[in-house]
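All remarks here apply to the structure that follows.
Just so it is clear, A, B and C label the chains in written order, and each chain counts residues from 1 on its own.
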Amino acid sequence: MPLNEIFSVLAEGALVTIQLVAMALPLATAMAFISGLLRLSEHRALRWLAAIYVEFFRGTSALIQLYWIYFVLPFFGISIDAITAGVVALGLNIGAYGSEVVRGGLLSVDRGQTEAAIALNFSPRQRLWRIIMPQALVGMMPPFGNLAIELVKATSLVSLITIADLTYRAKSLADMTLQVEEIFGLVLVFYFVMAQVLTLAIRALEKHLGKGMDRGGLA
Amino acid sequence: MIEFQWDWDFAWEVLPLLLDACKITLQATVLGSLLAIVIGLLLALLRRSKWKAVRYSAYWWMEFVRSTPLLVQIYFLYYVAPEWGLNLSPMVTGVLALGMHYGAYLSEVFRSGIDGVDKGQWEASIALNLSPYHTYRDVILPQALRAMIPATGNYIIAMFKETPQLSAITLLEMLQLAKIMGSENFRYLEPFTLVGLIYLVLSLIASAGIRQAERRFPKEGFTLS
Amino acid sequence: MSDYAVEFDNVTKQFGDNVLFEQFNFNIRKNEVVSIIGPSGSGKSTLLRILMTLEGIDAGMVRVQGESLWHMQKGGAWLPADERHLRKCRGHMGMVFQHFNLFPHMTVLRNITEAPIHVLGQSKEEARANGLELLRTVGLADKADAYPSQLSGGQKQRVGIARALAMRPSILLLDEITSALDPELVDEVLEVIRKLAAEDAYTMILVTHEMYFAREISDRVCFFDAGAIVEEGPPEQIFNQPKHERTRAFLNSFLNI
């Protein structure tokens, strides 16, 4: 098969991969913030709930979670299509790791910031969202960037439940043709480029969020 | 909707088989970790090379391996190695892929561990006229180890949890076995849940072990001998 | 109404098993300027932090402008204060911190206007006009759009003062506000406090190691040691004729630097 044909088949698969990332990323982010905040809640039950979610999803791997959601849930009468299973499994999995990032980021903000916010009579909610969170976000960005890359990589697992993503197409092409070096070489480059683009985007976001903040010094 | 309940008989039938397959999983993890540590150390040292080209190549190799999926790397080795005249078993392929993938992560752990050692220690070693080998072995690594061991442990646990991906190249580890058992009996609930629980229990134990070990590390570091 | 802006009534405060204040009594009149001096660890910061509701108390009662701070009356019974009660009381006070604690992600002007807008409900225009006016009084009108990281320590602390003033407190709590500054930057901050004290519009409690300054602006100086007031009185008396041996030893340690 000519290289440009291989390229266009793979590019279509890359589009599917990008769509998966675009759907799983918001879910992962939401889960990360919800469970990360719950882990700092005053209520023990909520803290436990979040901790169980995090330990559970970090203690097993994305592939097992994916299989469980895709193969086991239908037996409980919850039929779920492959794409949804993939998005849910990856979103919940990466969200559990993100939960730790959110929690750590919030805890890393200097205690003096909360004290100043109390002295200015901000409500607890305002303290969190106006004072602490904007500062914590800056520090969360680099680990979030790493997690976003982990998410891109993890999307390759959905090829094992027959979603025609980049990896799936590569494997079918490889089974069909014998140009395995070109195919897998190209696929690796595709993933690498996606990861680099994502890294640059998140660095830009970090810079934007950290405007004026000279981290490390006393403000 | 099918009435569905947990079937203890089936679970008890599958469990011993799964635990047996767990040996394969652990074997891949142990061998993969050893390879990853060797590759990680090598890359870490290359990244401190005096030649810029070597440093850059090592850096981009690490960056490349870390930002591409393990599954694709597994396929790459599995499909491409025979082209190069290497016929590798699924286990060997898997160990190579795991070792390469996590070696890239570990190199960063080792590098920052080594960088974390006080600059004065290098100067003192030069002053004592120690060879580079002895400087690393007797001065730098013992001090770096304390910082490196927890992160290394966590990556090994991560590797352990990713071994199910080797099922994609037909290695008969736990997940692959569970999948076969599931499709033969039209019951996925018990095998997949059990696999999940085995992973959960083992990785929680391992994490607790790392935390314990971390607490007990001597602050002064270790002597390697 | 009580004549006192601040009252400590048999207050006990402990950290774990460590009792810091025991049956502690201390009153401050409205618009009085009180300096608190004393060795490190004597409880000076804790006193201010209790007032600012950053630390709770274990027994006794604290009143701010006649209103009990850590307790609230509900249906005839005294209950521990809830967040709503605390927020009502905090409105009387403003605090300036040793390490400034400016919000690094906001410009100088926003540091000052954020709370007036979102806590007091001022309009943006009003808060902005007030903020700029305050910046003029602390001599930083040209820094409105700078970020804290672009300021010197002295400038940061003047922003910290303006930020506290923007909430229109009647009581100002100043905890070693010049201790983190390079010596040459101390005066520009003290100058601002000097002007505020002269206005005679604020009750001021300042913890300080600047003895000359304390002597100059205070109505009363209190020497603290180990969670108790060892000696207090007008500045002339404390600095010229300290009665207590410990006060003398402490003041001497300053002369000998």
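List of remarks:
The rule is short, and it goes like this: contacts are C-beta pairs under 8 Å (C-beta built on N, C-alpha and C of every residue); 3 or more make two chains touch, one makes a residue touch a chain.
Bear in mind that the values here come from a model prediction, so they are computed numbers and not experimental data.
Taken pairwise by the contact criterion, the protein chains link up end to end in a single open path, with no chain closing the loop. Taking the mean of all protein Cα atoms as the centre, the chain whose own Cα mean lies nearest is A.
A separation of 21 Å divides the Cα centre of chain A from that of chain B. Centroid to centroid, with C-alpha atoms defining each point, chain A and chain C lie 45 Å apart. Note on chain placement: the centre of chain B and the centre of chain C lie 55 Å apart, centres being C-alpha means.
Multi-chain contact residues of chain C (touching two or more other chains): none found.
Against chain A, the residues of chain C that register as touching in their complex are 52-54, 83, 87, 90-91, 93-95, 97, 99-107, 114-115, 118-119, 147-150, 156, 163-164, 167, 180. On the chain B side of its complex with chain A, the touching residues are 1-2, 4, 64, 66-73, 75-76, 79-80, 83, 161-162, 164-165, 168, 175, 179, 182, 187-189, 192-193, 195-196, 199-200, 203-204.
The residues of chain A lying in touch with chain C in their complex are 110, 112-113, 115-116, 118-124, 126, 130-131, 134-135, 138, 209-214, 217-219. Remark: chain A residues 55-56, 58-61, 63-65, 67-68, 71-72, 75-77, 149, 152-157, 159-160, 167, 170-171, 174, 180-181, 184-185, 187-188, 191-192, 195-196, 199 touch chain B in the complex.
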